[in-house]
Amino acid sequence: MDPVFFYTFAVLAVISAVLVVWNPLARNTVTNAMFLVVTMLSISGLFVLLQAFFMAAVQVIVYAGAVMVLFLFVIMLLDIQAEKKRRLRLGGLISGISLSVATVLIFRNALFAEGGADETTGSMVFEGSTSALGKQLFTQYLLPFEIISVLLLVAMLGVILLSKKELK
Amino acid sequence: MTLQDILIATAKIVAFVGLVLPMIAYSVVAERRISAAIQDRIGPNRVGPFGLLQPLADGLKFLLKEDFTPNYVRKAYFWMAPALTMIPSFVVFAVIPFGSSLFGEKMVIADLNVGILFTFAIVSLSVYGIVLAGYASNSKYPFLGGIRSSAQMISYEIAMGMSVIPVFMLTSDPQFYATGLSEAWTTFLAGTADLNLSRIIAYQSGSLFDWMIFKQPLAFLIFLVAAFAETNRLPFDLPESETELVAGYHTEYSSMKFALFFLGEYAAMIAASALMVVLFLGGWTLPFWGLDEPASNLFTGLLHIAIFIGKLGIFMVFFIWIRWTLPRFRYDQLMNLGWKRFLPLALANIIVTAVWLWFRS
Amino acid sequence: MAETTTKDSSQAVQPQVEMVRIKINGMEVEVPKTQPDPITGKPVPTTMIQACAMHGVDVPHYCYHPKLPVAGNCRMCLVEFGMPAVDRNRQPVLNDDGSPKINKMPRPAIACATAIAPNMEIYADSDGSKEMRKAVLEFLLINHPLDCPICDQAGECKLQEYSYEYGQAESRFVEAKVHKPKQVDLGPRIMLDDERCILCSRCIRFTRDIAGDDALGFFNRGSYNTLGAYPGKSFDNNYTLNTVDICPVGALTSKDFRFRMRAWFLKETDSVCNSCGTGCNTIVSSREEVIYRQEPRENDAVNSSWMCDHGRLNYKWQASDTRLDAVSARRGDVREVIDWPRVVDELSGKLQSFAPGEVAFIASGQMTTEEIFLFRRLAEKFGGLRESFPNVGEGDHLLVSADKDPNTNGLFITGFTPAGEQGRNFQSIQDGIRNGSIKALFVIREDLIARGMDAGLLEDLQLLVVSDIHRTPTTDAAHYILPGCAHFEKRGTFINVKGRLQKFMKAVEGPGASRPEWEFLHELVHQTTGQNGFSTIEGLFNQMAGEIPALAGVTWASIGDTGRSVELPGA
Amino acid sequence: MIVERKELSFLEKTYLPGIAQGIKITARHFFDTVSGRKKVTMQYPEEKWTVPEGYRGAPYLVKDQEGRTKCVSCQLCEFICPPKAIKITPPGPEVRDELGGVEKGPEDFEINMLRCIFCGLCQEVCPEEAIFLMKDYSLTGQSREEMIYHKDKLLELGGVHNDTIMKWKKKDEEARQQASFH
Amino acid sequence: MPEEYRLILKHADEDGYTPDIDCYMRHGGYETLKKALAIQPVEMDGKQVTPQEQIREEVKKSGLRGRGGAGFSCGLKWSFVDRRSGKPIYLICNADESEPGTFKDRQIIHKDPHQLIEGMIISSFANDVHLAYIYIRGEFPEGARILNKALAEAREKNFLGKNILGSGFDLEIYVHRGAGAYICGEETGLIESLEGKRPYPRIKPPYFPAVLGLYMCPTIVNNVETLCHVKHVMNLGAAEYSKLGTPNNTGTRIVCISGHVKKPGYYEIQVGHATIGQLINDFAGGLHDGRKLKAIIPGGSSAKVFKAGEKFKIRKKDAEGNDVEVEMDLLDIPYDFDTLMAAGSMSGSGAIIVMDDSTDIVEALGNISDFYAHESCGQCTPCREGSLWMSKALNRLNSGGGRQQDADYLLKIADNIPGGRTICAFGEACSWPVQSFVRKFKDEFEAKGAAAEKSREESAPQPVPAK
Amino acid sequence: MEISLNHYLVLSSILFVIGLCGVVIRRNLLINFMCLELMLNAANLALVAVSHFRNSGDGQIMVFFIITVAAAEVAVGLAMIVALYRRRQDVYTDRLNSLKL
Amino acid sequence: MTGKIFNYEDKRREGNHRMAQMEDQQDFVVPSGLESEIDELITHYPEKRSASLMVLHALQEKFGYLSKQAIEWTAAKLDLEPVNIFELVTFYPMFRNYKVGTTVIRVCRTLSCALGGSHKLHGHLCSKLGLDPGEKGPQNTPDGKFTIEFAECLAACGTPPVMMCNDDFYDNVSNQEADKIIGKYRK
C-alpha cells in the first residue's frame, strides 16, 4: 500500500505546490492559499506514512488549522483583489530559474552522491511514539524548548505591538 | 490491512453514520420542540405522531427546494464550502469510542493512539468551510461571518486544546496503570498508547468520582464553553448571528447546500458532545452494575452503546437549552473571554495538575 | 461672497488692488485692501468679515449681508482682534525676532464694519469670540417664540444653525416673553411674524436701498421694537419676496410658500428664470416632481442675489391643467394618440414629400439655444421661410427686462432670425398659405392665432405641426401635436439680453408623454437630413458651439454655474 | 443620565450564577409547558393579551385638553420615519380659524399602517408631543387603502392627551396679559 | 470747607438777573466774543497761525474736559475734526440733558442762555462752523422758548447771522427739540435724530462724528456746560483758566446733588477741590436727621454705585510726580474726573444721587433698570434684550417672585452686555448699575430672593416660576 | 517498489525548489510568504523522513521546533504585512521600493 | 418715608402696543399760519427730513396728538414715506398717536424723584382725578380734560417730586400744591 499512498500524496503535494506558486486558472490569492493547504495536508499524510503521527497531527493543527487560516484571514481582511495579469520580471525569472537549478545541483550532489541516503527500511524502533518524543523533548532538548517558548513570547509581543493602530 | 479489516471498518462506519444521521435529524426536532416549550409554544407537532416525522418532511423540503446560486459568487468555493463544513464533523467520529465492544470488535472506527490529536486536527479544519462560505458568497454579511468565525475558531481551539492537557496528564499517570486496571481493561487496552481515547474511559471507570468532570471541573468548564464556541452555538454564534449578519456565512445558501451547513452544525454538536462524554463523563461506562468494564456479551455491548447515546443526549439537550437561555456575546467580549480568561485559566490548570502529580509521585 | 463672482471677464476689468497681509485665526493670509461697495461699486476698505470669507472662515452674522449696506446691529459678528502695537511716536513696536508686536485689543469689534489694517490679527474662533456669540444668541432667543415646528424657515434658519453651533442648550430666561403681533399681513405676497423677527433690519435696508421703496420700518422702542409697514399701506413692490430670502429667521414668509412644504424635503435644482430677457439665476425647489418655490441664485453678473416677484412666482403654469401630455395626430376629424417613434417617422416622411420652400418654420424665444439650432437645421433642409416674434413688455430699473422672452438672443445668435428681423416674415407666410406656395407649417411654442393669424388659414394647410407645452387654439388646429417640456423639465441654455449664456438643469419630469423639444428635433433632423447629431445635451451643445462662431471654444462644461458672456452678433 | 454600575463580586464575575438563574427560568417555562401546567394558547379575540408597559403599538395623533389637534404639521415625523409610512399634507398659506389659536395644523395626516414598523421614532422626534405609540397591535383591514389611516381616524383613535404643558393656552394668556393683538 | 466757585452760574441766582440780552451785556456779555473775533493772525515758527487755530490751541491748552459724561478733552475733540474734506462743519450743542440726577443744563439755559450762545459762537468761529444747532430735550419747552428768544435777540444785535460784528464770519444757530429719548444724548444718536431718523446710534468705526457726522459731514457735538466754559477759557486765557481746579482736571464744574440730602441742588465748584463728603455734608447739608448713608451714585444713574464705608486704594501722583498709592475713604475722594475713575466709577455728568438707609436698594436698582429698559433704542441686540430682561427680573424680584439665585442671574445677564459689545455706551450705562449694585449689595438681593422663595414655599401650592 | 529515504528527499527538494522559485519570482508579499512556508514544509518533510529512516527522534524534535518557529514567524510576518498594508495599501514587493515607508 | 416707594406693576408700555390703532382725524386741516410756520422751520435745515421732529412738535401742539392724517401730511410735506414719520412717532414717547386730555400731566418717576416721593404724588393726583393709582400708563379722565402718566427723568432732580402740565413745569410739588395746579388747569 505504501507506495500508492506515497505517490498519491507526493503528486498531490507537488501539483498543489506548483499551483501555489503559479496558477494559470485563477489569479486569486485565496486559491493559492487553499492549494497550500492541500500541500500541507499531503505532507501530513506523508508524515503518517513515516509513522510520525504526532507530527502529522501537529502539522494539520498548526499549519492547516492555524497558519493557513491566519493567511486566509489576512487575505480577506486586507481585501486583496485578484491579481492583474502582469508580465513576469525577466530578471526575476532568470534569477529564479538559475537559483532553482543551483539548488537542484546542490541537492543532486547530496542525494545521489556515493553512499547517499538510500536506506529503504527504517526499523520500527522509533515508531513515532508520542511519549517517547515527549520524553526526548523535555530532557535532551529542554533548553531549545525553553528558548523556543521565549521566542514565541517575543513574537506575541511583537505582533501586539505591530498591530496597534498607531506606532509611536 | 486485510480485507476483513476494511469490511469491519466499513460496517462500523455504516452503522455509525446510520446512528448519527437520525440523531442529527432528531436533534433538530428536539431543538424545535424544546425551544418551543421554553418559549411557551408547542412546536412542530403535525407531521407524524408528536411531530416525529418532521425530519422527513424537512429533508424532503430541502431536497425539493430550488437550489439557487446567486450571481457573482465564487462558484468553486461556493460549492465546496458546505461539504467542507460537514466533512470534518463526521470525520471526528472516527476516533470516538461509542461503545466497548460487540462481537469482539472495539466500538471505535479507528482506534488511533493519537486520538485526541486527531480530533483537534480535524476540528481545526472545520473552520475552512465557514470561511470559504463567507468568502465565496461575495457578499458582505457572509464575509463578515467568515472573518469572525476564523478568528473565533483559532482563539477557542487553543483554549480547548489547553483544557484537555491536564486530563491526559492524569491518564498518563504511570501509578494508575501500575495498580488500577482490571484484567478486562488491560486486554481491552492492549496495544494502545497514551493519547488513545479508550484509555481515558478506562481511567474514569470505577467510581463516579473517577469521572474527569469531578477531577478536572475547570478543564470541563473550559472545554464545554470552547465547544460551544467551536460549534458556533449560542451564546457564541457570532458568525451567523441573525440579527446583525442575517445568518452570516450561509446567508446566500439555499436548499441542499444550506442543509449541509445545517447537518454540519448538528454533527459538530454531536461530535463535541461525544468528545465531552468520552473525556469527562466516563464514555460508555456507568460506575455500577459492572457497566464500567468492557462488555463481555452482546447485551452489555449494546447497553454500553445505549449508555453512550444517553450521555450524549444530555449534552445535546444542554446545548439546546443554553441556546434559548443566554444572549449572544459581543465580539470583543468573546475574544476577551477566550484569550484573557480561558487561556490563562487552562494554563494554570495544567500547572496545578502538574504540581499535584509531582507532589503525589 | 465676493469671490464667487465670475472669474472670466469681470475680474479682469477691475484695477489691481493693493494687498494687505493679515492673520485670521493664526493663519497668515493676503487680502485686497479695498472691495467694491455693494451699492455704489466704489472701492471701500475691506472689512474683517469679507477678509474672513475670502479665506473660508465663517464669521456668524445676522444683519450683515454682502449685498446690503452695513448696519452692525446684531452684534453676532463680534470678534476679538489684535493690532500691531505702536509706541509714543506712532512707530511700530517689534518683537525680539523683528516681527511686529501684536496687542490684543481690549474691546471686540464687529467684523462686518471694521476695516482691516496691515498686520491685524483676527481671532474669529477664540474662546472670547465664541463666548460673545453665545451671549448674543441667548439675548436673541429670550424673546423668540421658538416655534420652529411651525416656522417655515426651520431647516434654513440662521438662528437654528448658530444656536446649534454656538448657543447653549438651556435657557436661563424665566420671565414672560415679549409678545408681538403674529401673522401680520404686510402685502399681497408677504406675511410677517413679528415675534420671530430679530430686528436685523436687512429687509428694511433692502427695500430702501435696493428696491427703492421705503416701505418697511421699525416701530416702538427697545425690546418692543416691531417691524412693520405703515398701517394701511401694503408692502407691494415687485421685489418684496427678496426680503423673505434675506430674512435670517422666519419672520418674513412668502405667502406662496407658507406652510406648503418643509425646507428639508426640497430638492434644489439650478435653473434660470424664463420670465424675461434678464435670465435671473434661480434655484428651483421641488419634491416628488412638484415645484414648490423658485428662489434667486447668486450671480453678480446677472441678478446679484435678487429676483423680481413676478418671475419668482412664474412657475405655476408648469403644473397647470392645460399642459399637453400626449402626442397626437389628427386624421380627418379624429385625433389619435400615437407614440413618439411613430410620429417622428410619419413627420419626417411627410415633411420630405414637400418641395423646397413649401414648409415654413416658426420658432419662439422660449426655446433653448440648442433647440433653435436644431430647428434652424431642419428649416435649412427644407429651405422654407423662418419666423419668430418679438415679445416686448415693460421693464424696470433693476432686473426686469422689456424683452419678455428669455432667449431672443438665442434666435439671433443661431441665425434662425437675424437680429432686428423678428416678425417680418409673418405676412409673407400668411400670403404664401393663401396663394398655396406654403403648404406646411412647423410651429414651436407660438400661438399663431393669438398672433393674429386667421384660423381658417390654418385649415388650408396640408400639414400643421405644432409643438407647445400648453393647449392653445393653434394646437387645436394642428395635424400633429408634439408636447414639449417646460424649462424646468429639461436641460438647455438661454442667452440673455446682455449676451450671457446660461444653462439650466432639470428639476422635475414633464407630464405624460411630453418630451424635451431638442430630443424630437434631433430625431427629425437625423431622419430627414441623415446628419448624425449627439443624443446628449452636452454633445449637442458642443456640436452647436463648433458651428456657431459666437460660441467658438465654449463647451457645456465651461459654461459653469453662473454662465459666461458671448459676443452678440452686431454688437 | 449616568447609570452607576455596581461592582460585581467574584462569583458574579464568573457569570455562573447568572447562567444558572437563566437556566432555571427557561427550565421553569419548559417544564410548565411540557407538564401542561401552563396553557399555551389564548382564546383570542375573546381573551386579550395584556400589553406590557412600554409596548410600542400603532402610532396615533392626540388632541389637547381643548380639543385642538396638537400636531402643527412640522413634518419631522415624516422626515424621520424609516419606512416612509407617514405622509403629511401641509395646510398651505391660508390662515385658518378652525384650529383654535393654533397657527398651523395638518391638512391631512396619513399613516400607512402596512408600512409602519412601530419603531416609535415619530413619537420621539415630535416637538409638540402630538403623536404617540398606543398599545394597539391588531390592525386589520380589507384593502390597502383601508390601512392608510387618515387624520380624522388617527385623532379619534388617539383621543385627548392630558399633558401639563398646555402650550397654546400659556401663549394666549401671556400675550393677553401684555396686550391684545387679536 | 471749600467755597463754591461760580464761573458759569456766576450771575444765575443773582437777584434781578434776567435771561435777556441787555442784562447779559450789562454783565460783560459778548465782550469775549468781540475779543475773539478781533484776534489777528500771528506768525509762529514761520507759519501763519490763523485766529481760529489760536482759539483752538487756547482751548486745548486750557485742559478743558467735556462736561457731558465721558470727560473727554474738548480741545482734542476739536482737533479730530476733518477740515480737509471741503464739506461744511457743523456744531451741535447737546442740551439733551437726560441722565437721571442731572439738572445743570436746565439752569444754564433758563437762567443764562446768552452765555451758551456766546460760547457757541466762539466755538463755531474757532471751528469754521456756519450752521450750528442746539439739540434741546423735548421736556424743556420753556428752555426752547428762552433760547429761541435769546437767539432772536443775538441775531438782532448781529452776534449771529451774516458778517458777525463785521468780522466776515457768518453763523446761524437753530434750536432743535427732541421728544423724550435718552439715547439722543449719545452724540451719533443725536445726529441721527437731528437728521430726522430714529435716533439709532451709528457704528463707530466708520461713523465718527468728527469725520462723518451730521449729513455725513464733520460735526462737533459738545455739552452745554462745555460750550459755556469755552467762553470762559477765552475770557480768562488758557493759562489763567487752567489754574482753576487741579492739574488735568481744570476749571469748575456744576455738581448736581439729589436724593436723600437736606439741601439738594447744584453747586459749582473747582474740579477736585471738594471731596464727596464735603459735597454731601457741607454743600448739601448732609443727610436727613437720624439717617445713615447707604450708597452714593457719583455721576448720574449710569455710574457705578459706591457703598457707604467703602475704602479705595488709589494710585495718584504726589507732589514730585511719583506714583503713590493712597487709601481713601469714600467720603474723602475728591470730586474730579480721574480719581473717581480710579475708584471704579465715574463723575459722568456731575450728578450725585445720595441714598440713605431707608432705601430699598433692590427697588432702587429696579427703578434705574426700568429707566434703561424704557430708554434702550432697541437697535443692537445685547442692550435691547438685556436691558428689558434685567428690568423684568428685578420687577419679579421686587414683586415677590424672586429666587435666591437671582443675584447671580442678574450678574450673568449684565456681564454679557458691556465691554464694547454694543454700538454705543448705553450698553455700559444699563449694565454698570446692575453689576455694581448687585456686587456691592449682594446680601440684600439674595435675602430678598430667599424671602420670596420661603414665602412661596409656605403658601404652596403656588407654582414656582417655571424653569 | 519500496519507498526509500531518497524518494522523500527528492520530493522534499522538489517542493523546496518550487517554494524557492515562488519566493523569487512572485511579487505578492502574501504569496512570497506562503512559498516560504512551503519551503519550511519541504524541510520538515526531509527531517521527518530522515528521522524515520535513521530511526531517531531528533528529526521530529527539529520539526517540532521548526513548526513552532514557523507559527511565530507567520504571526509576526502577517502582522507586519497588515501594518504595511495599512500604510501603503499595497502588498506588491516591486511597488514597495522606498526605504522610508 | 414709609412703605414701598416704588410701584412695579408696570403696564405703562401698553401704549407702545397701539401701533396698529391709529386715530383717524377726518377734520384734519393745517391752518395756513401753522403751515407757513412749518415752512419756515424746514428752512432751518439743509435737508428737509431733519425738520420732521419740529414739524411733529408743531402739529402736536396744535392738535394735541398725531393722527393718521397728521403723519401722512408730514410725510408728504417732507417728501418722505409715511412709514418714516410713523417710525419716529412710535419711538419718541413725547409724541402721541392717540387722543389725550386737554391737560397732560407727566410725573417724573426716575430715581431721584422716586426717592423724593413722586409715586406718592402720582397716587394723589390719580385719586384726585378719579383714576387708578396703580396704573402707570397714560390714563384719561372721563371728561377728557386730563391725561396723567409717568415720564422718565424731567431733569430737575434737585427739587423732587416734579411734574409737567402740558408745557409747564412744576417742581417740589406737594399734595396741596398739586391740588392747586389741578384747579388751575380745570378752568
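Some points to look at:
Each chain gets a letter, A, B, C, D, E, F and G, in the order it is written, and its residues are counted from 1.
The rule we apply is simple: a residue touches a chain if its C-beta (ideal position, glycine included) is under 8 Å from a C-beta of that chain, and two chains touch if they have at least 3 such contacts.
None of the values given here were measured: they were computed from a predicted structure.
Shared contact partners of chain E and chain G are C.
When C-beta pairs in contact are tallied for every pair of chains, the largest tally goes to A-F. When every chain is reduced to the mean of its CA atoms, the largest separation from chain A belongs to G. Centroids of chain B and chain F (each the mean of its C-alpha atoms) stand 33 Å apart. Separation between the centroids of chain A and chain E, computed from CA atoms only, is 99 Å. Chain geometry summary: the mean Cα position of chain F and that of chain G are 104 Å apart. Chain G has its Cα centroid 106 Å from the Cα centroid of chain A. Across the assembly, chain E contributes residues 181, 198, 374-375, 377 that each touch 2 or more other chains. Residue positions of chain C touching 2 or more other chains, listed in rising order: 176, 178, 181, 218, 220-221, 224. Listing the residues of chain G that touch chain E in their complex gives 1, 4-6, 8-10, 12-13, 44-54, 56-57, 78, 84, 87-88, 91-95, 109-112, 114-116, 151-160, 164, 167-169.
Note for the complex: chain C touches chain E at residues 70-76, 78, 106-110, 113-115, 132, 135-136, 138-140, 142-143, 172-176, 178, 198-199, 218, 220-225. Remark: chain D residues 19, 22-23, 25-27, 29-30, 32-34, 38, 40 touch chain B in the complex.
Within the complex, the chain E residues that touch chain C are 181, 198, 200, 203, 205-206, 373-382, 384-389, 392-393, 396, 409, 412, 416, 419-423, 465-467. Within the complex formed with chain D, the residues of chain B that make contact are 34, 36-42, 321-322, 324-326.
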